[in-house]
Amino acid sequence: MEPVKKSNWRKKLHDIIYEADTPLGKLFDIVLLVLILLSVFFVTIESVAGLPEKVYDLLYYGEWVITIFFTFEYIARIITVKKPARYIFSFYGIIDFLSTIPLYLSFILVGSNFLLTVRALRLLRVFRILKITRYVGEANKLKKALQDSRPKILVFLFAVLIISVIAGTLMYLVEGEASGFNSIPVSIYWCIVTLTTVGFGDIAPITPLGQLIAAIIMIMGYGIIAVPTGIVSAEYVRSKNIEDDNYVHVNTQVCRNCGATKHRDDAEFCHRCGNTLHDEIQPGGNDL
Amino acid sequence: MEPVKKSNWRKKLHDIIYEADTPLGKLFDIVLLVLILLSVFFVTIESVAGLPEKVYDLLYYGEWVITIFFTFEYIARIITVKKPARYIFSFYGIIDFLSTIPLYLSFILVGSNFLLTVRALRLLRVFRILKITRYVGEANKLKKALQDSRPKILVFLFAVLIISVIAGTLMYLVEGEASGFNSIPVSIYWCIVTLTTVGFGDIAPITPLGQLIAAIIMIMGYGIIAVPTGIVSAEYVRSKNIEDDNYVHVNTQVCRNCGATKHRDDAEFCHRCGNTLHDEIQPGGNDL
Amino acid sequence: MEPVKKSNWRKKLHDIIYEADTPLGKLFDIVLLVLILLSVFFVTIESVAGLPEKVYDLLYYGEWVITIFFTFEYIARIITVKKPARYIFSFYGIIDFLSTIPLYLSFILVGSNFLLTVRALRLLRVFRILKITRYVGEANKLKKALQDSRPKILVFLFAVLIISVIAGTLMYLVEGEASGFNSIPVSIYWCIVTLTTVGFGDIAPITPLGQLIAAIIMIMGYGIIAVPTGIVSAEYVRSKNIEDDNYVHVNTQVCRNCGATKHRDDAEFCHRCGNTLHDEIQPGGNDL
Amino acid sequence: MEPVKKSNWRKKLHDIIYEADTPLGKLFDIVLLVLILLSVFFVTIESVAGLPEKVYDLLYYGEWVITIFFTFEYIARIITVKKPARYIFSFYGIIDFLSTIPLYLSFILVGSNFLLTVRALRLLRVFRILKITRYVGEANKLKKALQDSRPKILVFLFAVLIISVIAGTLMYLVEGEASGFNSIPVSIYWCIVTLTTVGFGDIAPITPLGQLIAAIIMIMGYGIIAVPTGIVSAEYVRSKNIEDDNYVHVNTQVCRNCGATKHRDDAEFCHRCGNTLHDEIQPGGNDL
């Protein structure tokens, strides 16, 4: 409540960078979003061979503009925040740092292969979009629905892995190297490819027994996909009901007077006969 | 309410073309639907090489018949509607125009490659089916269910794209050009192919690390498919519940007087004979 | 009620063949089921080349046994049923006839290619399983759930086809014959392969624009799969609720005495205050 | 209740091995889990050719350590359990035995091909994880949801098989050996690959009619996947509803006395202050 003693421009800058409620804060977020998307687009295009030389030049200049903006933003974030160390070593702080430095590193480091990986660090900026989208309600709901069904999804993933390990070993024994099942890990990889109904076809069984096992794996995969879907569906249906907000939690408390059950958790009087539900607080309760 | 001064045949023609309530209007819609489907079939078949010459001749004559019909229809739509300009520049007006002209254009334009694209414009007629089917109730419900879950679906699509960009770049760095991951865009394309469980197999990882990442992408894709399904399921279940809001939960309580069962959970009197259902607590209940 | 004048053995045979309530009728169904499955297995194995000569001999003898059984069964069905003509020209009558004759036809007809198709007719026996399984409750529920959502599924299929036609034509124009998109029908076929997430990979886009369109088609397909799933889920959830049978349909009738709504459709007295809901029949109603 | 006369260390060992409630029991389970996962990892890695000789040596020593642990565990299980014979011939007893012996067998048996299969027996240890995870609540729920919908899933699988047999035979007749449809079993295998949307692409139709049938199969498969999903979703939604049976629908009625909202639909008295909610009909209501 008491006014914080702080230089005015730092307070303002802080609001622009860290908050999205003011018009300038919103504008900042949009500019940031556009620059991130542009940056991702640049990294992506840069990897394409055979474009005209001009395009690569343009990408280079564009990348400089973006890097300078991100550099200033990174410095601004540090000087406006109360605890700079906390920001610098936070998840987003590290992302911000790593996605800003690649262009500077390219002057220091020499060696094209390693540089390629360093350049790709710029792609980490994409995670900053999540920082912006965390204001989006739907994203939070989606995240919540996934979090609520996490134990179920873990059990499901574990089941998928066990099936893949067993079926993969079986296929390795049955098919062997002639069909491309060179080792058990490759065989497990093929099993996941099949179970998830992706089916690249780079490895495929050729013996009748192998094809029979493959058919069983496919039908299992086809059925197993129902499990996460069912989980998320049920989670959504429930969250929809609760969202509808016309539901309250009730308990098994029984009214002493009329025997009605299913009272609201916070009920003090029976909804059917109006009798108090709390004997010990009855005298005080009557004072209402 | 006041009778519109309008030439009679134009009014009649308007009703036939724009409305589907009269027998003639229905007939017009059915004729239109058949001609559109025929036209789409013609465009499709025309592209097949190696058919007997006669077939191409037949397709050509058929296309003329359809074009003439659509020309007359287009003119009729313009002269019967109150605000012709509004129709001409509407979505369906442009569709109608573009799908009618290709055959006329083929006299003016010379150059087979461009002509091919122009001929394909005739396929736009398929959109007119939507104009007709908008009278179908189910299509509207489907459309509504999709529209209601649009924000959720957008968030979901965005998540798919972010995963594809990050995983695609990773695969490009890990696999490189030897396995066909020539550039980041191609790598992202491969990632979408894998995440959606399509799996063409034209590009497939060959290094152990690449196959491990691919396996993770596949299992993610296999799980992510649960999200849109859950969303649409919940949307449908809710719309079904609203339809079914005329159902209440009943229990197995039996009326002492007439033996009727299946009373509402909160029923105090029998729905068939009006007798009370709570004998033992009746005296206390009267004290209210 | 009156005893039907009918030769006794025909009555008994009729009960065995057409009903599944008696022990003999059940035995007959099981024998039939086993023979059908054996027969399907024989047809399947027969097509495999390179087996020892003995196996083909065994299959031939086995097929004769099965054919003779089915011949007797077919004759028995005709002579025991009241209206033989009706059976003979019914769906199952034709199936029974066609699946019995192939072996006899092989004496009359000469010409290996045509004979192959005729032999496959024996596979039609598989449809008879449906005749037996129609007694299975679950199959009927499944059938009902599918039937109830048929209009929705048709609209969905129609949407899939329209997308395939438009996207197929687009891919044909963009990719052309170099990538295997030889004609619009082939292109539409590829589109269905992609949209349903099957992805054979025999045809795959190679141009950047083609790959972009393909990515959009895949993500659409990935999302569209949610629609039939949502439909069937909602249908099942509803049928489960109704199955639970603890729900009754209520209407908007209002009690004149206490204002309670949502009465059972057949309610004659208010469930809350016990007052009659039918003024005009009140005097008679009190007599209960 | 009465203390069992039993040597003390055997009782203690029994509790450690067979129960997970004590700290030592939990530790034992975790050690077991880690060793099983290590063992599975060793079997998997061992099959990879081309690793440095040192790795194979390490795997061999590691396998000896694990085998000795499992040997002691197996013996301990036998001597601590009341009815050893019952354990030995139980499912997990056989698994335990078979997954322990491979290394001992490698001294007796000579012949690399057979030995490979024997070594893979060690993978059976993975099933023991299920023994441990049976304490996990979520796994049981998942298992229950699958069990409850088993009859539906069986009918579904049967439908998939019938469709595959019929469509497979059709494709064999239409496509023939030129496209790789060498026999009906291979054709059925291809059908399952397509119906489950896996789509390897090692076999793919090339004739227009074959591609048309394939398109129909794919769309069917795309739709059929909705069935198990719908089943499991409904099952989950129901189990969630039962969990959530502690919720009642409330409305926006406001109490005149204390202003409390969200009363049960059938509430007659305020749950907070006990005042009646029906002033205007109160006099009539008292007449009950």
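The letters A, B, C and D name the chains in turn, as written, and every chain counts its residues from 1.
By definition in this document, contacts are C-beta pairs under 8 Å (C-beta built on N, C-alpha and C of every residue); 3 or more make two chains touch, one makes a residue touch a chain.
By chain, with names taken from UniProt: A, B, C, D = Voltage-gated potassium channel.
Here the structure is a predicted model, which means the values were calculated and not measured.
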| item | value |
| --- | --- |
| Type of chain A:chain B copy interface by residue overlap (half), same or different | different |
| Higher-contact pair (C-beta pairs counted), C-D versus B-D | C-D |
| Centroid distance [mean C-alpha coordinates] between chain C and chain A, Å | 40 |
| Computed distance of Cα centres, chain D from chain C, in Å | 29 |
| Cα-centroid distance, chain B relative to chain D, in whole angstrom | 36 |
| Residues within chain A bordering two or more other chains | 156, 185, 188, 197-201, 225, 229, 231, 233, 237, 272-274 |
| Chain C contact footprint on chain D (complex, rising order) | 151-152, 154-156, 158-159, 162, 165-166, 169, 172-173, 182-185, 187-188, 194, 197-201, 204, 208, 211-212, 214-215, 218-219, 221-223, 225-227, 229-231, 233-234, 237-238, 266, 278, 281, 284-285, 288 |
| List of chain B residues in touch with chain C within their complex | 40, 43-49, 116-117, 120, 123, 126, 129-130, 133, 136, 138-139, 141-142, 145-146, 153, 156-157, 160, 185-186, 188-189, 192-193, 195-202, 225, 228-229, 231-233, 235-237, 239-240, 244, 246-251, 258, 262-264, 266-276 |
| Chain D residues touching chain B - in the complex, by the definition given at the top | 197-201, 229, 233, 237, 266, 286, 288 |
